[in-house]
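Next, two complexes with chain A in common: one pairs it with chain B, the other with chain C.
So, the complex of A and B:
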């Protein structure tokens, strides 16, 4: 029986009933990876270690839900003894001596890391086109982008190679590719998941999260990914609930906010139609809709494009050719070493953001840009605080449209930046948000975004699971058949 | 024309914590290159800093001892610049909210006191070391020091000459060693300073353009660098040109400062709050605990030595001026009731040896333990004061154990009076003519007999006993 498109729960049942052995499951997974090579979803595979772990699991009984479940890891997480490139030429030879906390958490829970997924370079991009390792294909169409930056992870899950993958989300990098690939992706509250071992893009915005076929699977993964980590001082010391515990509770009588300032009239009619239909599904579940005003939300994209590049310009300074990663050939002197290593090691989008970041932090501009952006960020957060006094969740389309063709956004970076129009606000405010498949536009999947209050991932999953109980968008596959 | 000098110092004090400011890496000095370096110190992709609270506690001690404002909530910023020994490409420091605010410290210049105000003292991580002279045409990087906690103490520009600058640096060094927050070891780079120097006409309100001399680590060099710099600036201005704002290096071999980079070439450090670290909040409990357990400071020790040990002010001042000396005094006093004796030895013989060698007590081979044993052996009459002097000199040279020296050289004082009596009688018997002369009224010859007995006993006789015995024998 094929393992393609199976959920975590399905695979767990197959393993428990001995329908398949651990080794067979992992071997089959690598066969799928091989047959889907055209997607370019993986940068580095972990075949030998993965099969070895599966063999061990066959010998030693382990009945936990995630035991032996194959997971694809975004290549932004450091994995001990396994190359970690972050999608960049700069780290094409970097083999970390340690693993990220989130990787250790998942592996300790029994997950098997089958490989490292392709991504936009240093997570900067919304189409996976900035990867040094080539474009990733969206399984829903030749030459379609999977979104980004967690494009390889989204493509691997959407094509049914693995039931789940890890992603990271700084401005939408989990939710946007989830939307474009027709899967479920969750960005938790900032600080829920330790950032130790995540190669930093914008430290105050970066957050890891699960990407899977269903909301329930996302909850199962989240249970293991979260931990209070003393190695990350921004990691939250908050109670970690069983995120799947309440997913079957009805949402009847709960309130959904529709953001007045998200102007849907500029979107494609089909996108709006899908969104309106989703509202009807929720109405049928007994939810109430309230219009909510977030007066400062229109400032989100410019605010983000000050804060994120500023932090990235500093975070990426360590890639200087001195200690690890790429070093240019025969540097003439120190300045030459820096200039050529960084010129050759980074791609254009990364360079662009380092330039923007250096500019907004420079003497004389700091107050006008960075400081101002931080003030606006506080205002946006306040808007959300107000909103959540009135509603349980906020709802919007995840993206402005479905997947687009590689190269179609041209050379104007602003067009690409606007991809994250709806997703960025949750990062700025540190709030949990997810994307679930809610329909199709031109036979391409599209997602619905739900934003929750601080620490309310459980409620988000409850809303998402309820939707997935009465719809089958998440069960559609690119190959045409329903799961 | 009469010129006025304005000097400000930025002193970097390495805090004596066991582990680094943001990692568990060891701060030990002198290890093989790159052996005290963990993932965080190396700035590997994905690592995060965690602030070491011990460094905050030590910084607060300094703040309390200088009557400074303490910010119980302080935060970290990033200072961005590229250098091979700066692993992350930025230094984590406290720009906007330093742990210690305005304070002051008293200095003593040739017996007169002056208050120097301190602008701030903030925590930051040290960089590694670039090693240029070990590999042909290549530079080595040793990251052992990277991440070591520093307290940067910034003075107001209130220092008027090189002598005051040295006195200020010494006062800070004295304080941090007494507070037990830094070992004060200048040779190992535990304290270094940047000096800002400018000159102006006496009547001018406005400060002149300053030059910053980087990274000086000895009293002597501070004084020389400042004096060189003052002369250089006067020469420039008097020849009708103007001083450029720049960073300069002091070359101790040539005794000159030279330009490192001008203001135009200066880095734009692009400071911004470090997003990896939340502000650090010191609770009232933690704060009070530090306050209530502040070590005794030099002034307090001086007063206590005068009242409890009956020392003269001058003695008390000398002994309390250095932590090592004060420790020696206190250790030795625990071995004897005669604190005056201890003070005499420290202010007398020990200080004389220090002056002779032109070193600080920390640099001498005399350990506090050994000194205390020496005092104990004098007190319990094992050795005479005279013998003790030669023992001290031996310890001074070799650092050997006092008791071993006494034992190996057979220096134990002869306590048995019958032995001394026998020797004295022998001397009298052997020198009949001198005895006759003495008895005939030549009193001065008494010293001859004492000397002979001491010679015979190789100095091991108690001089007072010898006197008594000889008087008894000769005068009867």
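So, the complex of A and C:
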């Protein structure tokens, strides 16, 4: 029996009923990876260790629903003794001596890490085209990008290789690829999941999260991914609920905000049509719609492109060729070692963002850019605080359109930056947000974004699960059949 | 943003720019800076900067060694090292 496109719950049932052994499940997963090699979704595989763990699981009784479930890990999480590249030449030889907290949490719950997924270099990109390891294909069409930066994770889930994958989201890197690949992806509240062992891009924005076919599977994973971690000073010390407990509760009478300033008239008609249809589904579930004004939200993308590069330029200064990662050949002196290592190790987009960061942080420009961006960031957060006094969630399209062809955004970086127009605000405010498949444009999937209030992932999953009970967009597969 | 500024920030970032590409990079950076100049439209008088969405004080812990010494592992995985140190080109003659 095929394991392709199966959910975590399905696979768990197959394992419990002995329809399949742990070893067979993992062996089958690697056969799927091999047959879908053309997607270039993985950078490094973990085959021997994965099969070894499966064999051990076959020998004992397992209580956890995640025991033996194959998971693809974004190559941004450090994995002990398994190469971690972050999509960069800089880390092409990096073998971490430890695992990220979130990886340990999942593996301790029984998950089997089958490999490390391709991604935009250091998570900087929205199409997976900046990876040193080549583009990732979106399984929904030849030469279509999967989105980014968690493009390999999205492609691996959408093609049914694995039921779920990890991603990270700094400005939309979970939600945008989820939208473009027709899967469900959740960025939790900033601080919910430990950032320890996640290779840092922009520390005040970065957050890990689950990517899966259904909202329910995202909740199952999130339950294990979250923990209070003293090794991350921004890790939240808050109660961690069972995120799946309330997903079957009706949303009748709950309020959804539609953001007035998100100007949908500039989007493709088909995208707007799909969005309007989604509103009708929610109406049929008994939700009420309220127009909400977030007056400063139009400044989100410019704010982000000051804050994120500034933090990136500081974080990426650690890559100097001394303690780990790549080092240039035959450096003449220490400065030559730094400059050549960094010039050879980083790709164009990463360099561009480091330069912007150094510029906005430099003396004379700090107040005009960095400080100002942080002030606007507060205004944006205040707008959200106000909005959540009136509504339960905010709703918008996740992306401006469906997946585009590789190379089609041209050489103007700003065109690519605008891909994250709808997703960036949640990162600036630290709020949880998710994307669920809500329709098709030109036979390509697109997603619906829901943004929740601080720590309200459960409510978001409840809204997403309700939608998935009356629609089947999340069950469509690139190969044509419904699951 | 002119070529001279770009050269300076490239040096501050310890990145050497490809000469053939310098014009393109200068234009890109200029456009990005123009794009973020939209922030001038916001009235931020008296607004406290938000550096982190949690706005919590960094947590502290007791000053106690919690990690085991894994010097050998770290040195082993470095690009160049001997039994005690990471090695770099000679700094003092």
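The working rule: the second predicted complex is superposed on the first by the 483 of 483 C-alpha atoms of A that agree within 3 Å, B and C clash if a C-alpha of one lies under 4 Å from a C-alpha of the other, contacts with A are read in each partner's own complex, and residues count from 1 in each chain.
Keep this in mind: a contact is a pair of C-beta atoms (placed from the backbone, for glycine too) under 8 Å apart; a residue touches a chain by one contact, two chains touch by 3 or more.
Please read all numbers here as calculations on a predicted model, not as lab measurements.
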| item | value |
| --- | --- |
| Chain B versus chain C, judged by how many residues of chain A each one touches | C |
| Contacts of A:412 with chain B and chain C, given as first, second, both or neither | second |
| First (chain B), second (chain C), both or neither touched by A:230 | both |
| Touching partner for A:36 - first (chain B), second (chain C), both, neither | neither |
| Partner chain in contact with A:352 - chain B first, chain C second, else both or neither | second |
| First, second, both or neither for A:95, with chain B first and chain C second | second |
| Touching partner for A:78 - first (chain B), second (chain C), both, neither | first |
| First (chain B), second (chain C), both or neither touched by A:310 | first |
| Touching partner for A:324 - first (chain B), second (chain C), both, neither | both |
| Touched partner set for A:339, first chain B, second chain C, both or neither | second |
| Set of chain A residues, in rising order, touched by both chain B and chain C | 94, 97, 204, 230, 233-234, 313, 317, 320, 322-325, 334, 338, 358, 362 |
| Touching residues on chain A, where the partner in the complex is chain B | 77-78, 84, 86, 91, 94, 96-98, 100, 195-200, 202-204, 230-234, 310-311, 313-314, 316-320, 322-325, 334, 338, 358, 361-363, 366, 370 |
| Complex contact set, residues of chain B against chain A | 39, 42-51, 78, 80, 82, 84, 87-90, 139, 141, 268, 270-272, 275-278 |
| Contacting residues of chain C [partner chain A, same complex] | 1, 5-6, 9-10, 12-17, 21, 24-25, 28-29, 31-33, 35-42, 44, 47-54, 56, 58-59, 61, 70, 73-74, 77-80, 86, 88-91 |
| Interface residues, chain A side, partner chain C - complex | 94-95, 97, 190-191, 204, 230, 233-234, 236-237, 296, 299, 301-303, 305-306, 313, 317, 320-327, 331-340, 342-343, 346, 348, 351-352, 354-360, 362, 369, 371-379, 381, 411-414, 417, 428-431 |
